[in-house]
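Below you will find the structure I want to go over with you.
Order of writing sets the chain letters: A, B, C, D and E. Residues in each chain are counted from 1.
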Amino acid sequence: MRIGVFVCQCGTNIASTVETEAVAREALQHPDVVYATSYMYTCSEPGQQQIQRAIQEENLQGVVVAACSPRMHEPTFRRAVEKAGLNRFMFEMANIREHVSWISNDRQANTRKAAELVHMAVAKLRFNHPLSPSRVAINKRVLVIGGGVAGIQAALDCAEGGLEVVLVERQPSIGGKMAKLDKTFPTIDCSSCILGPKMVDVAQKENIRLYACSEVESVAGYIGNFSVQIRRKATCVDWNLCTGCGLCMEKCPAKKVPDHFNEDLGNTRAIGIPFPQAIPKKATIDKEHCRQFTRGKCGVCKKICPVGAIDYEMEDEFISEDFGAIIVATGFDLFDHSSYGEYGGGRFPDVISGLQYERILSASGPFGGHIQRPSDGRQPRNIVFIACVGSRDASVDRPYCSGVCCMYIAKQAILTRDHLPDSNCYVFYMDIRSPGKNYDEFVRRAQEEYGVNYIRGRVGKIYPKNNHLIVQGADTLLGAQVEVEADLVVLATGVEASAGARELAEKLRISYDQYGFYMESHPKLRPVETNTAGVYLAGVCQGPKDIPSSVAQGSAAAAKVQALFSRDTIETSPQVALVNERACVACGKCIQVCPFGAIQWKELRGGIQKAEVLPSVCQGCGLCNATCPPKAVQLQHCTDNQILAEIDVLCA
Amino acid sequence: MNSDLRSELHKKAEQAWPDLELLIGWQAGYDDLHTTPVFIRDSAEISKLIWNPWCTQNLAVYVAKHFAASSGKDDKKIGVCVKGCDSRSLIALLQENLVARERFYIIGMPCKGIVDLRKLHALSGAARILSVQVNAEQVALKSAAGVLHFPLDEVLMRKCRRCRYPNPLIHDVLVGDPLTPRTDAHEAYNDVAAIERLSLQERLAFWQGELDRCLRCYACRNACPLCVCQDRCIAETRDPKWLTQYMHLPEKFMFHFIHALHLAGRCTECGECERVCPMEIPVALIKEALNKITLELLDFEAGLDPQRVPPLLTFDAGETGI
Amino acid sequence: MTQSHDNPAHKQALTIVGFLCNWCSYGGADTAGVCRFKQPTDLRIIRVPCTGRMDPLFIARSLILGADGVLVSGCHPKDCHYAVGNLYARRRLEVLKRMLPFMGIDGDRFRYTWVSASEGQRWQQVVTEFSEQIRSLGPNPGVTGKSAAAATA
Amino acid sequence: MDTAIKFIAFDQLNSALDRISEQLDVWVPVASKDQKRVIQFAPYRPGMTLVLDHQTTLGPKQVVLPQVEALFRFDYRKSADEPSRQKVQLEDPHPPAPTLIFGARPCDVKGFLVLDQVFSAGPFVDGIYAARREQTLFATMVCGQQDSACFCSSVGSGPTDRTGSDLWITPIAAGYVVEALSDRAHPVMAWLQEAATELHVAAAGKVQEEAARQQVGNLAVDQCQQHFLQRFADTNYWQEVAGQCLSCGICTFVCPTCYCFSITDEMKDKHGERIRSWDSCMFFTYTLEASGHNPRPSRLERYRNRVGHKFSYFPEKYQGLIACCGCGRCIRNCPVSIDIRKAVQNLQGQNHACS
Amino acid sequence: MHAHNPYRPDLASIREVVQETANIKTLRVVFEDESVMHNFSFRPGQVAQLSVFGVGESTFVINSPPTRREYLQFSVMRVGEVTQRIHQLNAGDQVGVRAPLGNGFDYENMQGKDILFIGGGIGMAPLRTLLLFMLDKREDYGDIMVIYGARTPHDLCYQYEFDQWQKANVNLVLTVDNEFPGWKERVGFVPTVLSEESPSPHNRVAIVCGPPIMIKFVLFGLKEQGFEDSQIITTLERRMKCGVGICGRCNIGAKYVCVDGPVFSRQQLSEMVNEL
């Protein structure tokens, strides 16, 4: 190989503490180095031209530039050598600025270090091979998993951009948690008024196909070419026929069915539409409570249904769809407060969750918007809100802040005071987290304008006494014990990862943190990407957040998909793992460890199995290479031989 | 007693034979002290099978290397005789999905220990041992110098004297009754600890002295039931080139690092690597040291639970201290 | 062997091999450079995509061949660019670190650490501490130094 | 031939070797570990304790055919004024020094007689081997310690086989009686100070007689060349004799007659060597071709080739010479106790009935 | 060759590199020592060990004929470590050459006969040396037919010489495995083309070289057409190291491919142990 070495002076940035001429001179002594020089600004136009001229004149097959960090100018120089006819991977950089000239003034030591770094780069380059990216076609359909506000936003934005969207929702209706909210902070605008139109849009967009009551069963493939199996759960109502008239719901004799949409505060029927604004507006049978299933006879709905949509024999159905990208917006679940024994462990009917209170406040809720106690329907006078229930509490393995509770307590307290001006509201809190736009002002309004009593401290115990709930706590600001005789206690239950989030992550081969929230690709710079290319995140599934952030993420994810789909093919980096089939012993360890599912079995003639890397899925981490015992998997451009060559320069 | 067990082995092999296409066991070797593996493909040869304190080879070595990929004729299985320690190798292979459990019929041999021929030779002092007899717990050794008697326990292999699993942990049939594990096996890592008590310099000197003899014949590797690379070992390949062909100490250290690190969290301590070394290098100690580390650090012992994933092939986001 | 710490020119050159992940620690080292955080000059950095790429054998080989120190640095656990590469790596590296002394190689010659791209100051501290540590250990005899016990008979 | 017989008393052995080693490189069998039976030939240093009453684990093959040696050195040179031109210079290895192998067994020496054919009989002569062989003397000891793996008598050698040796050592009660067998031995004899008495010589004679009476091994090899070829395609047979082979290299590495080697280049920076290193026909990579094809893909073909090489191909090529010295090392050291005697003995016969 | 050290190559320098196909390059080399170059003689079909110092050696047939002595020519397919490095070499670079090794073709016994060359891919290299040798002594031989096949037209070596071969009265039949835009010659595997051509075995010698699968079916085809084993000549590939019959690995029974081969008649092969 004929190698040229170019040592940059970077003005005086390098030259002031490194003898660049000496480094170039020494480079000339290495095997295969046929040309070496030092230059004032190698990255400048004339500097690049000098490299290109040398490639031509000296018939160079590889180039080393010793200059700044490759994180800075590697792309620049790769383009430069490519223009001169070399493959861009026949290029190496030695970082003699950030790692040498800028961190020591010892000219002698720096020069030696720079020379060794150049030697290492040369040694590595001798094992470089030309690599070229491959391209794969993109299937421009997008799957959105989860029909909460984030998923809805993502689906609508994608559809707006002309993409074909499939939206999969586990529940019978989209809308998610937001659909259950009465008002939203800090504007106190009606939740269903702002969400409702978006839900309707989803139903009306021709390029959105909605699968409600459905779940993702399996995911195969990779960016641009996912193949997803979706399970459509048996609703026992043929949705093609159902008009959503609601007759079945009226006539259903099973009347004591807990109303999940109302957080079990009221009852509903065994067949029906979860709430009036539901999308799709289709009935579903709750097999657990339906008499046809529990007692084997009833059939009232089947008789009554004007369109004959009832089908008790219906079974789950599986459909396969192909997508180029997937947006995950699976939302969250509420922390189950029964693990707090001091708050009654779920035994006191008048100690309720924040979302239950939200339903109580709602005009479409179990009590028609009248605030009353679940136990006896009495209007409460003293209402205590307790913050951080299942948040910032390591003892229940929820050390993180749920981010929304401080705000929704403030909102609920304001609404309470609005509805019941005679009531007293108490808020036990640890700290107030209100960093959003107009958020802190909102909390202050609760305190100052609405006279909500904020008590900084934890509640130690709640116990019933004379039809009241005695809330014992500490006011840490006053340093005194506090006792409130409450009629209703609202626990600001925190946010936790949705049930089944881990299983779905494993199907999608994305990672999750220890609480089950999905991991973004980079916490700052790639907040909606995952480490599995083509899979994006939106909403609380990635971590607790409020509605504006969820919506923003939904749009961001949609924008990422639009950007991805703006081309017909994607170029895949050639810096990926490659299996030498002859050396592969089929031990499967690479498949076991690959974080991206980028390695699969391949069957050769005679049933022999070998590992095979899918270059478009491989992210180039090299974990497989490190794991492979016979080193049959090699990460291109960072092969064992290349690393060993660098080590040998230093140690051998 | 041995002959009783041998006939029980024959009987159980006969019973299993209709379901087997092959049975791997031990047969008599070229003299009293040696056994050699036998591959029985005809039920008439079952009588060749033996079982005694010389049945040293870990037959699990053949399982992944020669038979894992082949599918049986008419769903017939491969029978394999395993001692307690050998059974752990099989489990380790199962842990890594290198073999399919249903492909094998496992004949478990509860084992009181295997005789270490080197100890025997060292005790006899003679070039030629004429004959050996084991009666109960005694060994009678006859050489030109006369007959010598030793307690059996004294001439057992190192691994046997620290054996915690005399009974096969996985088997389809057991030959003989399960044994009670020896009581003095709790100090399983005594030999490792002895090295650890040396100073760093002494340890280096120790390994320099031992590894210097290494011939790179790769017997330790090939006798290892869990060394799956075999013909593709990076100690031999030129691409990638991890090692030169020189016989310098760095090369020898490196080879043993490769072998040991590839077994980290996987080694079942069958001791074959050490037994087969013609230069008597205590190579198993390196793996034992790694096992001690993975036990202390990651609470893992290879070859016990077929469901567990070897610790270096997985991770735990929540673990602390590393 | 005495070394003068006063005059850097008289310091005996040490070979410290650094394996840095491209996303965090290599960037951290760049940041340290950009901030002109002064560091000892013994470290030579090899860029790898992820600490998950680190086969412990690379480290073993470096030390066997006589590197005076080996420093591996990657993203903080749970911040891995590849999600879990460093979670595998830390197990493997810790096992190696504990194995080295058994073979007579000083485990203090090897260190692994987590430094993010923003932590220039931390990088400076890591390099300085580790270089000092290696300097106090002195040159690595490698495995070639024949000792009395190694001789036959 | 001058037949002055010399005597070395046990307590004089080291001083005798001290004197000889001033003139020659001397290799002697020593135990490499206390309490262990690993005995190897090592360059003699004053004060060493020799182990002469056991066969060595490794024979002295490495003295003449080292496990690794340079075939030549190469250097890339660059000229300052024209750096793009690098020129290679080659340099032959240094000529060998005169060497004495002290305390080898007849089987060990027999091994060299086999190697001589390969390296020196042509058509190409390996000058590196030949030069070292030329410079090497053998002081061989009558063998009185055979074990159940030995079969030297079966392959045309025996405990008292003097072929190929330059000096002949017989241990007696008081020390060693040393005779010269070749002219090359005379300088060494001259450095030995004590002449053997008649009593010594008579005692030596009795030891010789006793040793000569030993028939070590009863393997019949006269027809094995043909029998092997007839057996060649009998897969069942090879499965039977080598099914348990682990494909390690022990048998070849400890074998005094195995000589196969690999050639590789090793280079550091601009300087390097082309080296040869012991290879093993038991290794998969030994015959692996660049295309990926391997004519001996499994241990069966490889073991068959080993038996064929020693007992059929070699005698076919070299006037009936069996490439086996009967030392038994391959049997003794085999991890799975494969017995090459059995593999050869059973070559004849119809079906693969062997046991 | 060095008498005392048969492993030591003679230094040679590359005069020219020709890119034959995507993964085959042809090197034209001359010994640096003029007297070595002057005294060098070999038989067609003999091989050389070509070295890149620091990487290693590999075996190649000398595919220029002994009748043309201005350089030695080797065609190298990139398959492994050594060939990879050889492909990086340029004109002016040094290599080591140990030659001549092996037996070469028994061309004396082919004189006066018709010749059939059957080659596939890089397998044309050993045939080329004999073909050119015969063309240089054209009157000594009868009809010469060449069937040469490759996967695609781009995988055929020595295309730049085809005209010259044909001008020297060679019946050149070219084939590629599948249809290819612009390809006007035959399409199909070599054995198929052979049976279509069905050259008469009468007074003819067939020389076959190519990938193992091709050889297998060509040998079968030749047999069907009535060629005797003694009329079929092939060259064997075997892993070689020393090239001088010492290092042991290239044996087939008692024969060493590096000294007794690589050229064998089918007759000879049938007398050897079956271990190809």
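In this text, a contact is a pair of C-beta atoms (placed from the backbone, for glycine too) under 8 Å apart; a residue touches a chain by one contact, two chains touch by 3 or more.
Since the structure is predicted, the reported quantities are computational estimates derived from the model, not experimental observations.
Path length between chain C and chain E in the chain contact graph, taken as the least number of steps between touching chains: 2.
Note on interfaces B-D and A-D: more C-beta pairs are in contact across B-D. Of all chains, the one whose CA centroid is most distant from that of chain C is E.
For this pair, chain B with chain E, the centres built from the Cα atoms lie 50 Å apart.
Mean C-alpha position of chain B lies 36 Å from that of chain C.
Each chain gets a centre from the mean of its Cα atoms; for chain D and chain E, those two points are 39 Å apart. Shared contact sites, meaning residues of chain D that touch two or more other chains, fall at 32, 40, 76, 86, 262, 264.
Counting only residues that touch two or more partner chains, chain C has 61, 65, 78, 84, 88, 92. Each of the following residues of chain A touches two or more other chains: 2, 31, 513, 593, 627, 640, 644, 648, 652. Those residues of chain B that touch chain A in the complex are listed here as 69, 96-98, 228-230, 232-234, 237, 239-242, 262, 309, 313-314, 317-318. Chain B meets chain D in the complex at residues 29-31, 34-39, 48, 57, 61-62, 118, 121-122, 127-129, 209, 213, 215-219, 221-223, 230-231, 236-238, 244-247, 272, 275-276, 278-280. On the side of chain B, the complex with chain C involves touching residues 192, 195-196, 200-209, 212, 242, 248-250, 253-254, 257-258, 260-261, 264-265, 286, 289-290, 293-294, 297-298, 311-312, 314-317, 322. On the chain D side of its complex with chain A, the touching residues are 76, 78, 83-84, 86, 268-270, 292. Interface residues of chain A, counted against chain D in their complex, comprise 2, 28-31, 33-36, 58, 582, 648, 652.
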